[in-house]
């Protein structure tokens, strides 16, 4: 009996929070077919008339589809880089004993705390010097660097929890570092890798400041940059902004669902925790 | 299966991502043109900014060996992020839009701006004379020879009012501050909102205070405030805060003004439930023209507090273009000038008048394609009586934090701070930043 | 047998990409910030950088606004540990449980982060509007008029409103971090526990929580550092206003540099935040380690 009440309570809370977090999606959609008046005077009401022209504006004035493509490209490439580079570093930090390990680890930690506005001038100046302005590769490296700290931090923490017996067995089998990392540990770390992949992807996909400062060429606008088309000094058009958000969120949801499957798969393979 | 889906998604995004990059490279490698970059905030999808971009394309299509690359970022903070960063790194745009005053003084001190006077004066001031004379005061700086910007957009803050509601109340449109307060009281007693100010965007009270100062203490007061001859905690200034504090207290500015932003303010006024709305002249083109509400709106000068200041106004050039000389060659500077001449030509404004009418810095002949716009005619009439204008008071201040400082302090009035607290806060911040 | 690479070479080789990126994009800007914090600079290429010693630090530390903003980010931390941590851990338990519909739920829970700060902030500004906002209308409908407040404009209250919106938004984000830890707890531990009669709350107390200690550690450090540099949501919801009441250190840092062009002073704030961040992280690490022992 007690258990049933407990379970009912958990369900209730789960449903409550689902409603709390899913409603913005509907509100965003409703607002994407309203004009300023409809939004500011009745954000939470059913649209009086569906203004699909907001979407036309999003496609034609902000070139949102191209921006989504660009952002996808930047975010996916930087996510892949983050994971590979992050795993390499985390493996060393977790498995090897060497002088200065603590310092290197703390140093990486600084990456999660540096305020972004301290970095934009030096990085932009570097971009000018290495001809990285308007270049995709430079922006991808920036995204990677900023996601890397958190990745290393998460991966190292996770690897520390994975039993060393696993590597020892592999060493006995004659595996070298590369094989231990990619064949033995990587699969075990799938939950955290997929998790970080989601976080890194979201960060890169929605990023504004670097995408805006480093890219001036309209063909390389990111999603957040393209959305600025509708906020102006003397007038803001809210409807098309919401339309852009709806268009941009779809690929994100797909990626999220795909990757989170991988997290659950980790549960099935039953990783060994020490 | 899932892996396949992922692979397809990735391949698609890469294709979309790489494609334009490849296309751009071939484009950039042709021709020996001079390329100049122009930064502005005109990226909005509205008639006036679409016109700007269209004209730039037109300029590019001309056979003059100049290619203009636009970099338009509409939100102010993002625009400033990029502009400030480019100045810090020395790779500034050739031409950029700014608002003049103290915000650009540092650039001038660092010798980063081109003096445009020689170019304006060429051929007996051919270019210079296309502009209205009254606008130059914002492009010059004390202690520096020369002219450092050309006006591109002008504005004046005026009082829009709802004709129906004034008729209903049976009162005249206020000419003085006292009449305005009396009108507020009348509307309040009729359960009509006198104003609904969107002070979440703190420039709203900033503009109100500008007008009180300019039209009660006069344009001299603006200059004296900048030189600290007139203190922000002087009795004169406190009296302006006091007027506003009382209006807050009596609810004249509307309900929940701190939670209303300017977009909502505009919408509410256009809903027809608010009697008055002070705003820039851009309000006509951006919000009124072409709507059903247009005929219900009248426009008048902002009320004056002192008879002697009746013909002053808050206004001037809002947007100006500057030319950078940081790491720029003479050829690039010449190209920048040519571009500026093009977009400040009477022909430019003639075309603009056909699509988005407002007051402009350049004299031009209207064509018959220009629409009929009685509100704008009225604004022109008001403007013709104005003898002197100042834009945001703190734009003339030597310290760059002042605009924000004063606006924040005025926002405090909406929270119920007393006029004295408001004054004290400004003075305290001046002192804090004093050593720099 | 092929010759094995020495351990030293492996260490260098594996760390190199991360270290290079880090030095370029994080360390170099940090050093630049430290350098500028002892100087005064207007932020214009070629304009003089004047050494001013500790003046910037003195000005920042003597400034009331800075301490107020720190207090606000302290509130962010309080909210982070008292609300965000239990909430996101609870959500992680839910989505990794055998309940029905978890697939849909976990997408929903993560929705606020995906919808971007712009949309989320704007929506909450309207929900929290005192006159026609949804929250106050709900309270009035429940005859709780006394509780209907001016959520974003009342000093002292407004920062808490932003903090709670922040927790609402990022609960899904941190849920993922906890979930990654939870799914790696082997199923047989639970099975064994069940046989011993360890279910429900007991299971949570003796298995899930202790075995997630690494996740809690990660969360704590990300939370502390994230709170110190909180900016986006505050900027989008209140811009630090009204009248500076919801200012956070990162918004001060932003204004000093990009609005007023005092790059030295802004850098000093940045350095102070870094020092604080490193100190607090080490402190959190120590605290949690002690608990382990």
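So that you can tell them apart, the chains are marked A, B and C in the order they are listed, and the count of residues begins at 1 in each.
Quick note on the criterion: a contact is a pair of C-beta atoms (placed from the backbone, for glycine too) under 8 Å apart; a residue touches a chain by one contact, two chains touch by 3 or more.
Here the structure is a predicted model, which means the values were calculated and not measured.
In terms of inter-chain touching, the protein chains here all touch one another pairwise.
More C-beta pairs in contact connect the chains of A-C than those of the other pair, out of A-C and A-B. Inter-chain spacing, taken between the CA centroids of chain A and chain B, is 37 Å.
The centroid of the Cα atoms in chain A and the matching centroid in chain C are 15 Å apart.
Multi-chain contact residues of chain C (touching two or more other chains) are listed as 43, 257-258, 263. Chain contacts: chain B has residues 81, 84, 88-90 touching two or more partner chains.
For chain A, residues that reach two or more other chains under the stated contact definition are 121, 238. Against chain C, in their complex, chain A makes its touches with residues 2-3, 6, 10-11, 13-14, 17-18, 20-22, 24-25, 27-28, 43-44, 85-86, 88-89, 91-92, 96, 98, 104, 106-119, 121-123, 126, 141-142, 144-146, 148-150, 152-154, 157-158, 160-161, 176-177, 188, 191-192, 194-195, 198-199, 202, 206, 224, 227, 238, 241-242, 245, 248-249, 252-253, 256-257, 260, 263-264, 266-267, 270-273. Considering their complex, residues 77, 80-81, 84, 87-90, 92, 106-107, 109-112, 199-200, 202, 255-256, 258-259, 261, 326-327, 400-401, 404, 408-409, 411-412, 414-415, 417, 425, 432-433, 435-436 of chain B touch chain C. Here chain B touches chain A in the complex through residues 2, 5-6, 9-10, 12-18, 20-21, 23-24, 37, 41-46, 49, 69, 71, 73-76, 78, 81-82, 84-86, 88-91, 263-264, 266-268, 270-271, 280, 282, 286-287, going by the rule given at the top. The touching residues of chain C, when paired with chain B in their complex, are 40, 42-47, 55, 59, 63, 125, 128-131, 133, 150, 152-153, 155, 235, 241-245, 255, 257-263, 265.
Of all residues in chain C, those touching chain A in their complex are 4-5, 7-8, 10-11, 14-15, 17-19, 21-22, 24-30, 32-33, 43, 90-91, 94, 96-97, 99, 101, 103-116, 118-120, 122-123, 126-127, 134, 168, 171-173, 176-177, 179-181, 183-188, 199-201, 211, 214-215, 217-218, 221-222, 225-226, 228-229, 231, 249-250, 253-254, 257-258, 263, 266-267, 270, 273-274, 277-278, 281-282.
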